[in-house]
Amino acid sequence: MNDFSASEMMIVAAARELSGTRVCFVGVGLPNIAVNLAKRTVAPGLELVYEAGVFGARPARLPLSIGDPTIVTGATAVTSMLELFGYYLQGGLIDVGFLGAAQIDSRGDINTTVIGQYETPTTRLPGSGGACEIAQNAKSIFVIMRQSPRSFVERLDFKTSVGDRVRVVVTDLGIYHRDDDGELRLGSVHPGADVERVRASMGWEPRVAPSVAQTPDPSADELRLIREELDPQGVYTR
Amino acid sequence: MVRDDGAVADNKVASMHDAISELVRDGDAVAIEGFTHLIGFAAGHEIIRQRKRDLTLCRLTPDLVYDQMVAAGVCRKLVFSWLGNPGVGSLHAIRRASEASPPQLELEEYSHFGMVCRYTAGAMNLPFFPLRSYEGTDLPRANPLIRPIQSPYSEERIYAVPALKPDVAIIHAQRADAAGDTQVWGLLGCQKEAAFAADRVIVVVEELVDESVIRADPNRTILPGLIVDAVVLEPFGAHPSYAQGYYDRDNAFYLDWDVISRDAESVDRWLDEWVIGVADRSEYVAKMGDARFLALRPTPAPSGSVDYGEYR
Amino acid sequence: MNDFSASEMMIVAAARELSGTRVCFVGVGLPNIAVNLAKRTVAPGLELVYEAGVFGARPARLPLSIGDPTIVTGATAVTSMLELFGYYLQGGLIDVGFLGAAQIDSRGDINTTVIGQYETPTTRLPGSGGACEIAQNAKSIFVIMRQSPRSFVERLDFKTSVGDRVRVVVTDLGIYHRDDDGELRLGSVHPGADVERVRASMGWEPRVAPSVAQTPDPSADELRLIREELDPQGVYTR
Amino acid sequence: MVRDDGAVADNKVASMHDAISELVRDGDAVAIEGFTHLIGFAAGHEIIRQRKRDLTLCRLTPDLVYDQMVAAGVCRKLVFSWLGNPGVGSLHAIRRASEASPPQLELEEYSHFGMVCRYTAGAMNLPFFPLRSYEGTDLPRANPLIRPIQSPYSEERIYAVPALKPDVAIIHAQRADAAGDTQVWGLLGCQKEAAFAADRVIVVVEELVDESVIRADPNRTILPGLIVDAVVLEPFGAHPSYAQGYYDRDNAFYLDWDVISRDAESVDRWLDEWVIGVADRSEYVAKMGDARFLALRPTPAPSGSVDYGEYR
């Protein structure tokens, strides 16, 4: 058995869910590594789209931010943000969008705006960015986030993005899919976790699949790709 | 086809015959766009040869290509904004059809900006696009799809046009790679908007280039292969219109058409000889003769190169 | 006295009216020659804009159509038509737009759509093109057209473009400006014409300036520029 | 300045000091745009040095430049869509001001696409722009300027945002000529829209080039000199952000700022040393040292040249 970090497990789990996906709106950090891992494993035809205005990026290094110059050089197309959001995203060409969340609820609705009251927040978060329209226009949404009773909440302090199109939520403990009536359902727990620990790490009583699987360990090949090619300095994965 | 990143790219290269045959269907709304520049004559002629029927043809300026298609009987309806032989005069075949009693051709008309906004709404998946036009004119009465819209921020009322989403867009371009990643320079018209608005896209190019040529200058790309269904290599496929840097507009033909098209029979003879009577565009080009195309060739005017920088 | 054609007089009269103009939306034919003549005489800072998507054109030859390749090579900027009409025209950057007309009325309203009933026209004209929005968004409108009782009409068959911003109408017989209450007023008659002939060549009784001027003849220099540089083959001017 | 066509072109070249002094006024709405790429730090620092007051600062991502400007006290209100240190964490100075009780900074927030649409409406002189966003979220409640709009073509209701017309837009670019004709490659963000929407425009460039360089590739032009009021030559003026093909993002500084900005006093010290304490950007560049900029230089990746053709 390989030794691996929680971040590596999240990346691998998200990458596997991208099997066969064609067009993916990439965020920085873990989603970026997950998408690049998927492209090298389960989704070789994957096209990377960055909200900054890039389609078909082929970054020569791990992008440091959402708008790194390495996502431009060698890309298929660079466009204005009006066209990227208008023609690509709102035009319906994005299969999967990745979102992070400070808070998520059982419906997949997301808060990235404030903790506390909107007018007098205890914590001012970054806000929507493109999340609000990505959630409404990408065909499906992947969420990658660590779970805890503070992040998996019964009631959001603010609804920044709707959960209607959330398909998968990958956390440090397990994998959820949205079921037919729109509730997140725990389908798999990662190695080292179990359903009880998952339950204790969230603010609502989760739906649980009849037979919860254990997420397969990251393979040696997946770990090698992450460690040697995608994040050799371990910026995001250690 | 294996790309240098190891992924397998679609090879969408097709003959014009196959592209039109598979992607243009009777009854379709078709947009062969290109504002004076890069007008897809080769595609229009192939549609005539294949005797497609009941097409709704969309274009800001129907130009000679739609005049020929209307004369050939493939078109039921025109959606347009300016109906003329640019710099010359009328489109006589279209006028004959629309002035007949009863009219042989349905017309749905906007202004240039209205048509551009319609494609843009289609590309953006918006139900409508707002614009400052039509106020005080008879156009909204002539076309009830031009409708007023109230600003949510003031008492101001402007106009809206509805999204236009053609079944097929046909775009002529200077170059594309086999996956359909397409680059154009010079006049851009509204080809990008029309293509993103359409269900299916055919790209016809002067040159088929390696993917690396496209990726060396990603700001020059107007369409990603993602939305392209077929790539057709057809040098001189925009003749008698022009391709910036490749050949000039063949103005003599625009003047000739003014004479040819004044009479239905002479149009038929022309179509028989130059469209129905040739197998494809390369036969048309051969029949026109090298000297004609040589005379249309400009001298070089290079853009110069910029540096994107390699960031590793 | 120089010998000159009616078209040459129209070109010269329109060019003189462009004195000091900065940004002009150009049409083909006579307006194109008038604008280029103005740039070489009374408006050296004039920027040529073409609806096809060109700002700051510097055509090396007389453009054959509104979208000749010669308006692109060497231009300052080439844009999509969305941007040209949206950012330049509707954005309020165009000082003067040129329009032609099949019919014009005393308010400057213009018909370029049909003669006869809209549904069953006796003559189907080209339609609006960009005219409708040029008339509404350029700061002022110049009209160049030949006048006759059939083109200068009391009642338009169809109103394609509103006359609110029409400033000057140049015909083969004289020059009109729109007066304070919006009526075209004859201010000048060309050499060889007189007020009576003008009156006989229109469908309404025109307002006439208290002292109608005679348009000065085209100068030798103006004629030389037209004949040697702008339209050496006499396509539009003979 | 006499151009080759005999016309006299405006020479708009100015020092950063004069451009900011003449064109940015207390109380203005200012947009220093550039999405991760070409962020106008040199201009932001000059605004701080000149102690402008009560500015409304507009930007999708306020980034470090607005964090510094807020800390320096030039800003009354932010109009934005994503408030963070990209790839690093929070903007601490802005958080301190907005989490203070009572808040020291007014916030008006949209989404990225909402901000882009606001500038686009401004550029197009439209009162509003429609978009598919905000449905079912709390954002329209938090910001009542986000309003529903009914399609004139169906029962469908989408959302609209109002036009944003800044008093001043400040755009950093790779190159421009003396008249302000400006070219950018790499990420384009929404600089074109912001500039066309603004009353006044300052362009800051890495290189001042002859008009002939611009005119050789007119499709590369994002702004015509027509809408530009001043051109400032300021190499490395976007540092610590980047200029495609010229220098890389100085990520070490983004990480450093995360530490510096956690404490108001250390921010003041930094501003004293690197902004107030230097006369201009060239002094800042000299103080940073050549080695730092040398390390940010990419290797070449040329776009290649295309042919526009000379048509005579």
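Some observations on this one:
As written, the chains take the letters A, B, C and D, and residue 1 is the first residue of each chain.
By our rule, a residue touches a chain if its C-beta (ideal position, glycine included) is under 8 Å from a C-beta of that chain, and two chains touch if they have at least 3 such contacts.
Just so we're clear, the structure is a prediction, and the values are computed from it rather than from any experiment.
The chains that touch both chain A and chain D are B. Set against the C-alpha centre of chain D, every other chain centre is closer than that of C. Per-chain CA centroids place chain A at a distance of 58 Å from chain C.
If you average the Cα atoms of chain B and of chain D, the two centres end up 36 Å apart. Taking each chain's centre as the average of its CA atoms, chain A and chain B sit 40 Å apart. Of all residues in chain B, those touching 2 or more other chains are 120, 125-126, 131-132, 185-186, 188, 192-193, 216, 219, 244, 248, 298, 301, 308-312, listed in ascending order.
Multi-chain contact residues of chain C (touching two or more other chains) are listed as 54, 68-69, 72-74, 78, 86, 90, 137.
According to the touch criterion at the top of this document, the contacting chain pairs are A-B, A-D, B-C, B-D, C-D.
Across the interface of their complex, chain A is touched by residues 35-37, 60-61, 80-84, 86-87, 90, 94-95, 98-99, 101, 103, 109-114, 116-117, 120, 131-139, 142, 185-190, 192-193, 242, 244, 248-249, 251, 254, 298, 301 of chain D. The touching residues of chain C, when paired with chain D in their complex, are 22-23, 39-40, 44-47, 54-56, 58, 60-61, 68-70, 72-78, 83, 86-87, 90-93, 137. Of all residues in chain D, only 5-9, 120, 123-126, 181, 192-193, 196, 214-216, 218-219, 221-227, 308-312 touch chain C in the complex they form. On the side of chain D, the complex with chain B involves touching residues 125-132, 145, 147-149, 151-154, 156, 158, 160, 162, 174, 183, 185-186, 188, 213, 216-217, 219-220, 244-246, 248, 298-312. Against chain B, in their complex, chain C makes its touches with residues 28-29, 51-54, 64-69, 72-74, 78-82, 85-86, 89-90, 113, 118, 120-133, 136-137, 158-162, 164.
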